[in-house]
Every structure is written in C-alpha cells, then in structure tokens.
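One chain, chain A, links the two complexes that follow: it is found with chain B in the first and with chain C in the second.
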Partner chain A sequence: MTTVLPNQVPAGTDDADQTCGGPLLLLIASGLLWLVLGGTLALLNLIQVYTPAFLADCAWLTYGRLQAMQETALLYGWAGNAGLAVALWVLARLGGAPLRGPNYIVAGGLFWNLGVTLALVGIAVGDASGHGMFQLPRYVQPFLLFAFGAIAVPGVLAWTGRRNPTTYAAQWYAVAALFLFPWFFSVASVMLTFAPVRGTLQAVVATWYAQNVFSLWLAPVAIAAVYYLLPKITGRVIPSYDFAVYGFWSLLFFGCWMGGRLLVGAPVPAWVSTMAIANAWVVLFHHIIVFFNVRDVFRPGANTTLKFLALGMGAYLLSAVIDTAFSARALAVTTQFTHFQQAQTHLAMGAVALILTGALYHMTPRLAGGNWPSVALIRAHFMAYIIGFVLLVGSLAVAGWIQGSALNDPSVAFTQIAARTKVWLQLATAAQALLVVAHVLFAAHFFKLVGGQMAKCCATRGILTSEATVS
Partner chain B sequence: MKNGPLFFLGLFAALGISWAGLLIGTNAQLGGLAPHFDENQDLAFPAQFPGVAEQGLRVYRDLGCASCHTQQVRRPGFGTDQERGWGERQSVARDYIYQSQPQLGAMRIGPDLANYGSRAAEAGIGAPALLAYLYNGHEGMPAYRMLFEQRKLVGESSAKALVGGAPEGYELVPTPRAQALVAYLLSLKQSYELPEAMPYEPAEAAKGGSQ
Partner chain C sequence: MTDENLITAHEKEAAGAPDTHAQYRLLPLVLLFVFSGLIFYAGAYLNRYSGHFSRDIFDERQLPASGQPAVAAIDPVVLGKRQYALACVTCHMPNGMGVPNLYPPLVGTEWVLGSEERLIAIVVHGLKGPITVKGNVYSAAAMPAFGQVPGGGYNWSDERIAAVLTYIRQEWGNEAGAITAQQVAAVRTAHPDRKEWTEPELLALP
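After this line comes the complex of A and B, so read on.
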C-alpha cells in the first residue's frame, strides 16, 4: 500500500528540513485543527439546508453565519496554513540552503491563526463582511495581511538567496502564490471594506478576489507541490518541461479574469462575464500543459503521496473543464444560484486539498524526523477521504441540477424544490460526515507522529542533561 | 527563467492588468452613475434609501440572508425570474446606487428579494405580518427568534408587540434590529422604469443567449 514503513528514518531528509521543521509543523498542525473544525461546521451547515429549524435558535450558528464560518475556517484556516507550509517547504528545498528567518514563520503563523480565530468569532457575532470567500470582519483584515507578509518573508528570501540561478517550475508557482496574495488581498480590503466601491461594483471586486484566491494563491501552491514531488518520488524527469513556463504565465495572466463567470446576468457590465468566459477557455491551455508535464502522476503505484496527487490533479483538470463548460450562458441559466455551483467550488477547492494532503504525507515524516506510525490509519484516511469527496461533489451536483431545472419551471414552488433535492442533500451530508471522519483520522495520525517524535526528542535531551549533571 | 526582477515584474503585471481592466474599468464605467429623473412622474429613481433601511441592510448582511436569497432579477428570457413574479424587468446597476452594500447573493434556496417590497405591498403584507413570519420561520426558512425579546408585561402592552406567542404576563417585542430588517425588506423595490433596462427583446435574448 505505502512505500514508507513505520519506524524507519525517512529517505531524503535534508538540511532544509532541519531548519524549518518546527515552524512548518506549527503551520500544518494548526491547519489540521482548522480542517477538523471547518469540516464539522460544514456538516452542521449542510444539515440546516434541508432542516431549517436545526440550530436556528442559536444566533451564533444561524445558517448564514455558519456558512461564512465554515468557509473561512476551511479557506484561511486549513488551506491557508497548509498551503503556506507546502509553499515554504518547496522553496526551502529548491533554494538549496537552510531556510533563513524561520522565526518569521512562527510569529506570522501565530498571528495568522489568531486572526482566523478572531474572524470566526467576529462572524458568529455578526461582523462578517458579506462577500463570498472574503467574509473576514474588517478588524481582522489588516491583521491577516501582516501575518501573511511575515510568513512569506522566508519564502521570498529562499528564492532570492537560492544557490542555483536556474529556477524550477515548482519555484515559480510557489513564489507567485506567496508574492501575489498580499497585493490582491489588500486591494480587496480597500475596495470592499475601507473605501468601498459603489453599488454592484462590489460584486465585481469580490468575484475578482475570490478567483484570485484560487488561481493566484491556492492552485499555484498545489501545482508547485506536484511539480516538485512527482520527479522527486518517481525519479523520472518531467516530460515536455520546456512548455511549463507557458503553462505558468497563461494561468497568471488569464486566470485572474475568470471570476466574472459567476456574474452572468447580474447587474454589472455584461462584458465582465463575457471576458470571464473567454478567459476560462484560454486558461485551459494552462491545464493542458500541466497535464502533459505531470501525466506520470496518474500512474501512482503504491505511493500514498502520489495517489493523493493523482486524485487532486484529476479533480483540478476536471474542475477546469466543468467550470469552463458551465460558464456558458446556455448551461449557467440552469446551474446559476444552485447547489451545482457549490459542487464546482468543492471540486476546485477539493483538488487543492487533495494535493496538499498528499504533500503533507511526504513532508511531515521528513520535518518531524520519523515515519507515519500506522499503515492502517493511512489506508482508512485515504478511503474515507476519496469516497466522501466523490460522493459530496456528485450529490451536490445532482441536487443543484434538480434545483436549477425546477427553478426554471415557474410552476414548481420552493417547498417542492426542497422536497425534490432533499434526498441528494442528505447524501451530501453523509459524504461530509465521512469527510469529517477522514479529517479526524488524518489529524490524529499527524499528532501521533509528531507527538511521538517530540517525546523521543525530550527523552534524549533529558538523558543528556542528567549525564551532564552527574559528570 | 533566470531573471529575477523580470519575473517579479511579470507577476505584478499579471495581477495589475486584471486589476486595471476589471476593477478600474468597471469603476470608470459605472462608478459615477446618477439617479434617473423621470419627467412624467417628476421623480428621481431609484428612491433614496431611508436610514432605518440602511441599518436593516446591515442586519440582513450579518445574518447572512444572502446565502439563501438573491437580490438580482435576471433579464426576461434568461431563466424564469419574470414568470415567478420577482420583477417585471432585469435589475441594473443603477437600481443599487444608494445601497452601501448590495446583497446580490449567489444562491436561491429561497425566492429572489430584489422586489420584495413591491410584492409585499401588493399582497397587503405589512411590517406586523412580516415580523410574525420572521419569528415563526417557515418550512424552508429558519425562525429568527434572536431578533425578538420576551419582556415582562408592565402596564400596557407595547404597540409593536407580536400578537400571541408569549405566555401570560409577558409580551413578545421585536428588537430595533428586527424593525430595521423589516423596514429594509419592505423598501426593496425596483418597480420604476429605467431607460437602460427598458428595451429588451425576450425572443431574441432567448435565441441568441447573449446580452
């Protein structure tokens, strides 16, 4: 099942891992805690869709607030922390030198997590900004910006101070993610919160931001991980590597125009959505190149990391095709404003999450200096995750299609729509429950590994100290 | 790629071009929208937003109402928003110029509310009925009891108190937040005519599928 065996020093640990172990493990640990919390909140939120009375008396957990909370926890808590850890690790490895300024990661990481905590509490008491993917209360926004800046410093230093002047595709994607996030985050913060643009233009800014979160931040981190780990694990060079640079720039230059596909028919200039649809087609060029570069990932063999990367890459490519196809107005007329769009978001974000999970399976033993304690836990996590993920996306897509078709038939009342979609939403709830189980298994396994190593480390240190006292 | 500065310049250009094109571009196009003066009625549209409605918008936002309700009517021929009675015409940017944060929404678990005020007026639903609806909830909508306060009855009952629902000796009073939310919902009207929303060809729109 897996190539690594318990209680064996992982192969290929290097200098970079020694210097950044602690700080990166801190990011990963907090990311996993947010994953468990966010997944649980998402589960409660899904139950509320077809059982509106569920938790309705609790002001903190009313449907709209809970939705903003789970989105924030998963996006900024889980994907943010884990994505930063993966990007920094890739840059440290490829920089060929020990990571400089690891304390920036610790300080930034603490503030980032404090910021996300504050954001969730703020949303619970009613301070959400009201923009999808950017629900952060206004007082949290500057906080997160500076925290991110601090965490990104060692990554950019690893790039500028790299030993080898030639750079790799993995580095481009990772640096782009670290460098661009503060820019578009601060633009969104100014144009939505501190000096908001007028009227419906806010929707244009919000969708631009949400698209950038995916195209310029999370997706690049995930792709960096695949470009780095695939040749590292298989020992094979990346085919058609010369084209990778075109794939990179086509994502960066055209990806950030795609947000407006959600604004089809909205009270904003029509060219916003037209540009978005056209750019979605152009960005498929990026996906084709990435596919040809990393197609070896689809022969993962028994390696756990590669299996997660394969599924993540599959989801990433499928998500691009579906997003492009369903941005066309003929299909959007049915899927707009439905669970189908939620399924699309789950597919895209799930692709990132799968790849990050795969990367963590590879990184954690090397950072912690010990192997995953249990093969059974890895298997259970993998199975629960995959089944849960496929089922969640599939059932939400079906529910959304039924909902959209019914919405377009004016004779169908909302109560009837709810009745028709209920069984699919219940299936989605079961899938989300399975995902929570998967997250708990993964987090528990991680803390078992890291905790075990820390105990071992402390024990050795204790022996050394007592010897010193004796002599 | 060996040239560091050029690389960062490229990253910056990628983001900067989309920022300038999309955000500055739309802002230049629509940032200065003024209300439309209707000479026949001698009135300007959309109407100014009353202060209490603006407070209600914040309640709407903080409860996340937009996670189930949109406030954007799509054009005739694109979906069935007109047939469902959500609005005679499509919503346009000018409809929202007085709202500090338009709640366009992205999900329709419940009906569109862009014209809720007009619909409620036609159906004879006033503030008391809407408050009762919020308190009771509905098959598909949760109750929002946190917007109400159960008070011990001292002297005469409040004029705003809900009828029934409270035990003997108590009264159920909507909080200022509930009243603001209701004022906001009842002020949602796009029932006037705007030149840019007028000339539509449903048949052609349905056929061509373009705006």
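After this line comes the complex of A and C, so read on.
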C-alpha cells in the first residue's frame, strides 16, 4: 500500500500533471461511471443466461440488447475513456512538457461520452449494428471518430513536441494506439455500415475489427502504462530493453491478422482462419519479449499499482497462451460458441482493465494533487476485484467446457446442458456481483479524493477573493 | 526515477555497451531461435491448411483440383452422409431422430420410406406448415429449399440431393431403395417456380 499520508501531494508531481489534471480527471471520472453502469448491465445480462424470463418483458432490456449495451459501455465508455487518459498522461510525462491544447480533451471527452450515451440509447431502442465489439448504431459512429480525433490531438502534440529527441517504449505503444484506432474504426465503419460489404465478408471485417480493438488499441495502451510505471516505481531499468522494439513491431505487424480465429468452420475460405491461427502463434513472440522486459512486475511488493499491474500482466500473458491454444481447430471444436469464449474475452479485456486500474491508482493522486483518502477502501477494492475476476473467468471457462463437450454429444438434450451449466453460471453471476461492488468502491473512492481536492481548492480561492474585496 | 532519467537510461540500454569482457549474451540467440521456431510452425501450418489460398476452398484439408480431374465413382451413401452432416444434422440430429415437437424424425417414417416423389419434392423445394409424422403433428415445421430452384439457399445439385436421400433411406435401420439424380431432376423440372410445399399439396402427389 502507498505509505504517503492522506492529503499530502505525492512525490514526483510537477507542472506536467497539474496542467492536464482537469481534462484527464474528466475522462477518468466518466470512465468510472461507465464502468459501474456497464458492470451492472453485465450482471443483469449474466442472470438472463440461465433465467431467460428475467426482464424479458421489457424490450429495452432483452438479452441481445443488454449484451450489446454492457459491451459498449465497458469497451467505449470505461476502457475508451480510461485508456485515453492513461495514454495521454504517459505521452505528456515522457514529452517532458505540460499538455498542449487541453481544451481538445475537454471538448472531445464531452462528445465522446455523449456519443457513448447515444449509442446505449440507440442500442436499447434496437439500432445496434449487430457486429460484436462494434454494436454502435450508424449515427453514433462518425460522432465517436471525431471525438476520438479531438482527444488524441494533445497526445500527438506531446509526441511531436517532446523535449527529448530519443523515445521510450511506452511512447511507441501509446502513440500507436492513438493513431491506429481512427484507422481501423473508420475502415470498419465504411465497410460494415456506410458502404457495407456483401455476405460473409462482413463477418471477416467484423472479427478483424474486434481483434484490432484489443491488439492495436487497448493492449498497446495497457502495455504503455506498464512500460512507463514499472521503472518509474521500482527505479530499475527495464531488463533486456534492447528487445522491446521487436516486441512492439511484432504486435503491430501480426496482431491485426488474428481476428479470423473466430471463423473456424464459418462459410469463409479456409485460408482466412488458417492465416489467423498461424499469426496467433507468431504474436507469442511479442508476449515473450514483453514478459522478459516487465518480469520485475511479478516481484512481490507492497505497492498497490504494481499489484494491479502484475495481475493484469499475468492475465495478458495467460490470455495469449489460452487464445493461441484454443484457436487450434482440435480444441475450438469444443469451445467455439460456448461460455468458454466469454471467459477468454473476460480474461483479455480484464487484463487491460486491471492494468488501467493500477495506472489510475498511480495517476489520480498526481493529477488531483492529493492522496487516496482511505487505505481500507483500496484494500477492499483490490480483494473484491481479484476474487471477482478470477471467479468469473474460472467459472465461465468450466461452464463453457461442460457446455461444449455436451453439445458435441447428440444424446444430450439442450435442457440437460442448461441444467449442467447452471450452477457454474450462478457462480459467475456472484463473481460479477462482486466485481460491481469493486467498481462502486473504486468509483466512490475516486470521487471522494477528487471531490475533496476540489472543495479545498475552491475554499482557498474563496478566501483569496474575499480578502481581495476587503482590501 | 525522473522521466528524463528514464528515457536516457533506457536509451543507453538499447544502444548496448561495448562487449569489452567478451561476455556472450545468450538471450539474443534464444530469441532468434524462438522467433524462427514460431515462424517455422506458422509457415508449416499455413502450407498445410491454407487450401492454396483459394477462394473456393472452405475445408482446410482440401486441396484445389489441378490439371486433369480424377474420375472416380462416388458412393452415394458416402456423399449423402457428408451432405447430411453439412446441413440436415442441425435439425434432424446425427441419429435421425429429430427433436420432439420441433423437428420430425427420419427413422422409420412414412415420408422417408414411402412415396419417392413426395420425399424428393420436400428436399428440392422445401416444406412449410404443419405436418403429421408417425402420428405426431409438427405444427411449426419449416424446411428450406435445397435444390437448384429460385429462392433456394443451398443450391445443391441433383446428384447431392439424390445422395442424401439415398443415405437417409438406408441408414439407421431404414431399408428403402436408392434415389437417382434423374428422379430428382424430373421432380425439379416438373414443378418450376414452386414455393415450399404444404402437407395437403404433398399428399396430392403420387
């Protein structure tokens, strides 16, 4: 746990943090609100899996729409906002100067969140696009693209105007995330919505997009945070750092090919999924290098940020191994279209969320200019999050395996499969409920910290103005 | 560690110190081998399962036909079993028993073992609405058209339909005669522009 006393400005805070504090805190705050909302929707959604009648009377909250809503809220609301805040902060810190153009973040952030809100309402009334990870209604897509562009401007300025001509791994990953999202988002938007390609090609584009969201956007942001925070906190240089560049390019080159893994057995030419599976193996090179570079994160320590980073990094590497192994056709035969794939998604996205959470624990006190008010809240959040996360992924994986094996056996009826997996799905629901508790604790703690600092700030200003009027 | 130090320290690390003590670093070699291994495996996998990157090949174990096509007699039961596993199995189940109240069975039923013309018509043009099979009424039965007919989504050739019908008439203890492609073609051409059949219409057929 952090040993700095409450209300004491943490060490290493400087102008670079203070100037970008407001806009980045705005992104983080909205991200946390989406996290709580998305987690709650995910909980309701999970109950519907084994209680089909639950909320089935309300068209807005039927299974399909709720699924798209929780996915959108967590992906674009939580990970989008928090990820952008972390990427911008890393670029500002390593750029060595206060962020230029912070108003772009405020304007872009408002529009981004307005866009996500509109997307959720649109999905609720039935306008979802129907592509996983890209459920945004058509009228929201251009909106989000321009909002992202606005938020990214200060990041690009911090990169081009950096004080130090040499660059660091965290900067590569953060800049890549900022530049690549608009590219694949606009391509998907045109090819799926505005000039849709025909037939099964849509499925190919949609899986390509979904893979890119992870491999070219969220994972690079998370890795940037780890590369930056690890030496910053431990004070040690990254071991074998000279290989980091290969890890970076192998992810960028091969990562975006992996989407077709999900199309095994689909009516697409065989080479699409074969190519994806082959690339999933090559991307392991990236994971090996990242492991060699950031292995210090797994040393036992007392720092909250490092604990979250260690768990996130562990989940990231484990998810790569599992995704590669289960993309093999022999295993995919059992796990495809089951809860197991849900577990895989939770593991990958959870890795990003854990790392972002760790980064927020480090960033927020520096941005707000004060420390976390309660050690007990941090502990409670950590425990609830970890237990919930492990339980959720584990129980969904078991449920998926049972489901997949039973589905391949023609003598087992559907109702029997549902009965066999029910207890595991209930366990997953309990885990998701625990995660919601964790999210609420974290959000409440954040608002307590930021609210306290704002009150203090206003009080000081109030005294100053009243003195000025008296004199 | 300040940000300035962080960048310069890692820059120095990346440049690499001159190897004055002749200390051989194992890691670069290991990583080279690991990368080569992964590329080798990926290449071998691609070579084996890419179907020569043909746009027509959907089964990763199949290779595109080249040169003179090999002529071989096709066992209709083998072809039929494959066709069955491609589509029919979804509703009628691998054991041909269907799903109670939803999808009618194929084992020992009057429709499969009885009139050949009716059976062919169902598969070629599809079927809609209630149908009675072995005394049970399947009120929401809906079977898509499999033949090369307008609106047919599967576009199976007459040979394939003949093969799958022969298969279901001779599998699971069913014992009925084979169906030929000529019979299928006859039914298909006798009823051009047909939509899905209904039970009364089928019963009107011989």
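Note that in this section the second predicted complex is superposed on the first by the 465 of 471 C-alpha atoms of A that agree within 3 Å, B and C clash if a C-alpha of one lies under 4 Å from a C-alpha of the other, contacts with A are read in each partner's own complex, and residues count from 1 in each chain.
By our rule, contacts are C-beta pairs under 8 Å (C-beta built on N, C-alpha and C of every residue); 3 or more make two chains touch, one makes a residue touch a chain.
The structure presented is a predicted model; accordingly, all values stated were derived computationally and were not measured.
Enquirer: Between chain B and chain C, positioned on chain A by superposition, is the outcome a clash or a fit?
Expert: Overlaying the two complexes on chain A (C-alpha atoms) leaves chain C and chain B clashing.
Enquirer: Now for A:G64: first (chain B), second (chain C), both, or neither, which partner does it touch?
Expert: first
Enquirer: Is A:V282 in contact with chain B, with chain C, with both, or with neither (first, second, both, neither)?
Expert: second
Enquirer: Tell me which partner A:T166 touches in the superposition: chain B (first), chain C (second), both or neither.
Expert: both
Enquirer: Looking at the overlay, what does A:Q341 touch: chain B (first), chain C (second), both, or neither?
Expert: A:Q341 sits against chain B, while chain C stays out of touch.
Enquirer: Which holds for A:F447: it touches chain B only (first), chain C only (second), both, or neither?
Expert: In the superposition, A:F447 contacts neither chain B nor chain C.
Enquirer: Tell me the contact category for A:P52 with respect to chain B and chain C: first, second, both or neither.
Expert: In the superposition, A:P52 touches chain B alone.
Enquirer: Touching A:V245, do we find chain B (first), chain C (second), both, or neither?
Expert: The answer is both, since A:V245 touches chain B and chain C.
Enquirer: Going by the contact rule set out at the top, does A:F111 touch chain B (first), chain C (second), both, or neither?
Expert: neither
Enquirer: Check whether A:A176 is in contact with chain B, with chain C, with both or with neither, and answer first, second, both or neither.
Expert: The answer is first: A:A176 touches chain B but not chain C.
Enquirer: Among 39-47, 147-155 or 201-209, indicate the stretch of chain B whose C-alpha atoms run into chain C.
Expert: 39-47
Enquirer: Indicate the residue numbers of chain A shared between its chain B interface and its chain C interface, in ascending order.
Expert: On chain A, the overlap between the chain B and chain C contacts is residues 166-167, 245, 267-270, 274-275, 329, 410.
Enquirer: Touching chain A in the complex: which residues of chain C?
Expert: Result: residues 1-4, 6-11, 13-16, 27-28, 31, 34-35, 38-39, 41-43, 45-46, 49-51, 53-60, 62, 93-95 of chain C touch chain A.
Enquirer: Can you list the residues on chain A that touch chain B in the complex?
Expert: So the residues of chain A in touch with chain B come to 48-49, 52-53, 56-57, 59, 62-65, 67-68, 126-128, 130, 132, 159-160, 165-167, 172, 175-176, 179-180, 183-184, 187, 191, 196-205, 208, 212, 216, 245, 249, 252-253, 256-257, 259-260, 262, 265-270, 272, 274-275, 329-330, 333, 336-338, 341-342, 403, 407-410, 414-415, 418.
Enquirer: Within the complex, which stretch of chain B touches chain A?
Expert: 1-2, 4, 7-8, 10-15, 17-19, 21-23, 26-27, 29-31, 33, 61-68, 70, 72, 74-75, 78-80, 83-84, 90-93, 95-97, 99-111, 137-146, 209-211
Enquirer: State the interface residues of chain A toward chain C in the complex, per the touch definition above.
Expert: 12, 93-94, 96, 164, 166-169, 228, 231-232, 235, 237-238, 240-246, 267-271, 273-275, 277-279, 281-282, 284-285, 288-289, 292, 329, 410-411
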